[in-house]
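Some structures to go through are shown next.
The two complexes that follow have chain A in common; it is paired with chain B in the first and with chain C in the second.
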Partner chain A sequence: MSELTKLDRRDFMRGAAAVTFAGAAYAAVGDKTEGTVWQLDPNKCTQCGRCSTHCVLNPSAVKCMNQFNICGYCDLCFGYLQPGSRGRDTGAENQLCPTAAIKRTYIEDPYYEYVIDEERCIGCAKCVKACLVFGNASFYLQIRQDICINCNECSIAKACPSDSFSRVPASTPYIYLTGGVETTIPVRKGEEPQEKTVQHPA
Partner chain B sequence: MLLWLFIGGVLLASLPGNAAEMRFPPPDFQTEYRIPDLYTPAPATTNGVFDALMLFAALCITTWLVFRARSRRGLFLMSIFSLAYFGFYRTGCICPVGSTQNVLAGIFVPDVGVSIVVLSFFVMPLLFSLFFGRVFCASVCPLGAIQELVAIAPIRISPALDRTLGLGRYLYLGLATVGVATGAGFLICRYDPFVGLYRLGHSYGMLLAGGVILLLGVFIARPYCRFLCPYGVLLGWMSRFSKWHLDIPPSPCVSCRLCENSCPYNAIDMPTPAHLVEDPIKGKRRLRYILFASPLIIAMGAVGGYSIYEPLSRVHPTVALSERVALEDLGRVQGDILESRTFRASEKTVETLHGEALGLRDVFKKAGAWLGGFMALIICLKLIELSTVPKREVYTPHKETCFSCGRCYPYCPVEPKRVAS
Partner chain C sequence: MLIGLPGLLVFAGMAALYSWLVYHPAWLLEAEVPGHDGRPAVDPSKAAQINLAGVFQKSDGHPASLPGAWTSFRGPAASNIATDPTSLADSWPEGGPKVVWKVPVGDGYAAPTVLNGCVYLMDYDVEKRADAVRCLSLEDGKEIWRRSYDINIKRNHGMSRTIPAVTDRYVVTVGPKCHVVCLDAARGDFRWGIDLTKDFGTEVPLWYSGQCPFIDNDVAVIAPCGASALLIGVACETGKVLWQTPNPRGWKMSHSSVIPMTLLGRKVYLYSALGGTACVSAEPDSSGKLLWDLPWDAKVVAPSPVKAGEDLIFVTAGYGKGSRLLKVQATAGGMGVEVVYDKTPDQILSCEQQTPIFHEGLLYGIMPKDAGALKGQFVCMKPDGTTVWSSGADNRFGLGPFLLADGKFLILDDEGALTMLDATKPGYSLLGHAEILHGHDAWGPLALAGSRLLLRDMNNLACVELGAGTAS
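For the complex of A and B:
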């Protein structure tokens, strides 16, 4: 092992190069280490439908959300019902959603609750568009962070025509709609993750 | 009623920022019903530190396999592991090849940071390369591993063709740098041919490209690594100055010529043939010519790169959109596309867009000149390398291009002697 202990000029250069290289790389990029994740801004979204087709995951990690404090709980929900549908009921022929991912539940006269079944939702934004044009605009698209694999370059971001996608801090990974009946939006965080370290994958 | 709603809806929708206003009043529930909370699960966390440790462990094991065990079989099995873990399990992300862009973004783009994990992914393989050669390529890189596994019937292509196509790696590195520096995007990730396979889904074009490269890789081993991989350029530079490197015979070479055809990568340098040994004065004169011509070649490259700024700038989405909008306005193209439609519906004016695009064009002029100059410099260095004939007496791996894959081990007759002892 004498080779290992003997330090000649070349080895010194090599060691120096390694230290300089790593040091320069660290200095160049700094220690801004907080992780970021992709998210889309619903205020910029134009409901083009590419979220459902351009995600590397199938079905897409983008899902529809219903912000209940904005929702009008309408009986005649344009996000739920196909235009020109015969009845206001759960019949498949009446639903706008191509995967029947919206669950309609009777609450009290005349209110109905609409809950998105995220297992079924493909993020096509058909309901979002209808609710924006005819209703309270309580439906909006969001990247579901527990599904998203956080690609280095998001495929949907690249295809998005309205530049809605950007990286946001992992500590505040959702962008909510403003307004509605309550100023603070009640959220259920889901289970706390085991590992706190979220990083920017390469 | 419906008609009224429709008109009202369209009018309201045309007003920006109407999200705060509620078209239908919030319900006043008489029953016990309470509005549900939004379900906002936290990001799916991957422990980056664990991945970095896995990378370090994989590099250590591969180094041991290359230097101590000298086992082609072991390296092959290691490739399968890397493909399974870094490829299919971690879905090809996090990867050192792509991390190059994150580091470049950290350098070129203000306010963009790189986490320690990503930085360690970038630096670790390079440091290993500086000491042990390209062990990362041997069987740690998931992109290399999948190509290594399909290289069943490799043929040797002529060194001239190999070298010429090999310039593609430098061009790709240059383009990726331009992409990051100008904000056009992460080209290496966008055109990663195998990530679609790891994630079992991608665009048709990229899946097709991945399939074609794999099919080609059956005969021309590792086409991506040899002709495209931008990270391979950096690894090669490090490996050239590596302290230790894989040796074909573990003890003195007997020049039996058996290993001559074992390498599908043209990475084994033969002993200098007698007819190539030339008059040193002649060689020096040629080298002098190249050295004198180099600044001229580099300047020409820079000018050439500058002159292609227009097509080059189209890689940036803003420039592409601006051109499309201009063509539509001039009536040169019929109809519109989603991007231009969305742009016209937005508040941004055509003038702002064209102004932004013109500004970006100027950035691309500079970037193009740098890219052209860089490519010309690389060509000059390659010419210098070609024109100098080093004196070699034994078969040695070429440190820069050797992937340390271990294909040559079983060919060496000195090898069994070492194993026996």
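For the complex of A and C:
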């Protein structure tokens, strides 16, 4: 009979308690290495559209964001309106977004505000591409961390043609364009921005 | 129990059936129809009356005793090619050409014109909230006089963006909100003013008016593109509207300007409106007569039409639209037109803001942001779309202006760096490159008077000496 089989119940309980205590102590004072999450770098993104089709979630955890302090608040918003649209209004036939996820609101002459409805956004990047080419490039894609299930192997990362996806620290999970004016990363409209500052072209 | 379990089941079944019948699967859907953005209805006739005579202010500057003139948008020949024989330096010293003076100006892209040693600028005075027609000395940039009228302009990718037209007697300007003013060129005396929105039903374009007026034999030629007129000719002396071209298609004002040219031996005015291209007679006996109009559905049109041959016109627009070549021919009734081609920005020179140059059978310009690998490059193309040469991936100029003078291309990039190319050699032949303004959005067209080049960025206007033997 081996030594292990001689362990009586009292010893087993003592051992288990010791292991539990040691584990708790390690968790309290031990390794503080931060966890990481998936994020895409807008500087590398080519707006290929795969974020909307390759996420394991449907709709995708990748959403469009609008950086309000970069946005031109234009009446003629290339991220909102179809190329060649006859009207500058909220008619479906004029909207570029396939799910009408951008809400356009008159502020004052000549400014309009564009807010993303993330319930509708599928991360197709059509608006991002149009705003980048002809506008101020205030639209950009990011993985919403409250939606993302943080797969060990991200399906979009595998499909991304520009290697835009990487693991980033969970405490600073958003990335924005670099160079130029410092600004804070926006969260949803009405929420407080994070403390981290990033760079964006003037 | 009066009903019992069977009764309850029947009731539940009927309720379920009723729910199924009345339920509409789309009841939560919201119709995406016009009018959900809260855009207010605007009645131009109820806009505030502006006192266009405004306020005159004399300063201590004096007209320069310097040669050279650049009297309107695209220069004396409306081609962006200098006709002045002044020689320019073939190279610049290490620090670049000498910046003679530099003055702050209001936000925008409005560029100057030059005549008789005076620099004329349609500026916006941000502090006083006023459009300001300014007359500066070409010598040192000091202000000689200004006449300004109160109007509230908000930043919308700049504020001012038009170029005055000037003759020995008159200077005519178009303000951001389509107010036309004519002043005495020397003294700044107010002659007359027109509010195009009130008088002709003009709709102020997106990002404000970019139209530069043109003076033809003391007649100011303007394109209101309102309900009652496509183009008008106004006597500079009196302000009387001498002729007006109807606008039956209801085209709108673009950022383009009226360009005079001669087609098939006939003087005409060409204008790229929002809606299409119009050709109007400029002959004395038929001024204002519409010769032809050709629809084109570009959403934004900033470049002006370019004559690209005896009977060819090159029309271009940015924001994804591309370019088209038009061919005119004589008809029994006057003049007709046909489209030679319509091409996309990846097939042909296509310009977002600046108007191309046509020189010795070739088109020159900067490719737009959606031109793929040629994005932002200065290119030389045949009118059929064949690329002759381009500036290369390391030489991109954004939305900057350019002109041709003394066999040299002068090109400004977005940040105000000036590049000089040898236009007499095929290919991208660099003669000089210098950081001049260090700003941003340096998109105002260049003006060259003699050997002095005027250039601007968003907030500064500078004068640079480029003359042969003096550029140090």
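Just so we're on the same page, the second predicted complex is superposed on the first by the 144 of 202 C-alpha atoms of A that agree within 3 Å, B and C clash if a C-alpha of one lies under 4 Å from a C-alpha of the other, contacts with A are read in each partner's own complex, and residues count from 1 in each chain.
One rule holds in what follows: contacts are C-beta pairs under 8 Å (C-beta built on N, C-alpha and C of every residue); 3 or more make two chains touch, one makes a residue touch a chain.
Bear in mind the structure is a predicted one, so any value in this text is a computation, not a measurement.
Note on chain A: of its two partners chain C and chain B, the one contacting more of its residues is B. In the superposed pair of complexes, A:Ala18 makes contact with chain B only, with no contact to chain C.
Of the two partner chains, chain B is the only one touched by A:Met65; chain C is not. In the superposition on chain A, A:Val133 makes contact with both chain B and chain C.
Of the two partner chains, chain B is the only one that A:Pro173 touches; chain C does not reach it. Of the two partner chains placed by the overlay, only chain B lies in contact with A:Val37; chain C stays clear of it. Residues common to the contacts of chain A with chain B and with chain C across the two structures: 72, 74, 111, 133-134, 202.
Across the complex, chain A meets chain B through its residues 10-11, 14, 17-18, 21-22, 25-26, 28-35, 37, 42-43, 46, 48, 50, 54, 56-58, 65, 67-74, 107-108, 111, 113, 115, 118, 132-137, 144-153, 155, 158, 161-162, 170, 173-174, 176-181, 185-202. Touching chain C in their complex are the following residues of chain A: 72, 74-76, 78, 83-85, 87, 89-92, 94-95, 100, 104-106, 109-112, 133-134, 202. Of all the residues in chain B, the ones that touch chain A in their complex are 5-6, 9-10, 13, 17-27, 29-31, 33, 35-49, 91, 93-96, 98-99, 101-103, 106-107, 111-119, 121-123, 126-127, 130-131, 185-186, 189-190, 195-196, 199-203, 241, 243, 317, 338-339, 341-343, 345-346. Interface residues of chain C, counted against chain A in their complex, comprise 31-40, 42, 154, 156-157, 206-207, 297, 299-300, 318-320, 369-370, 440.
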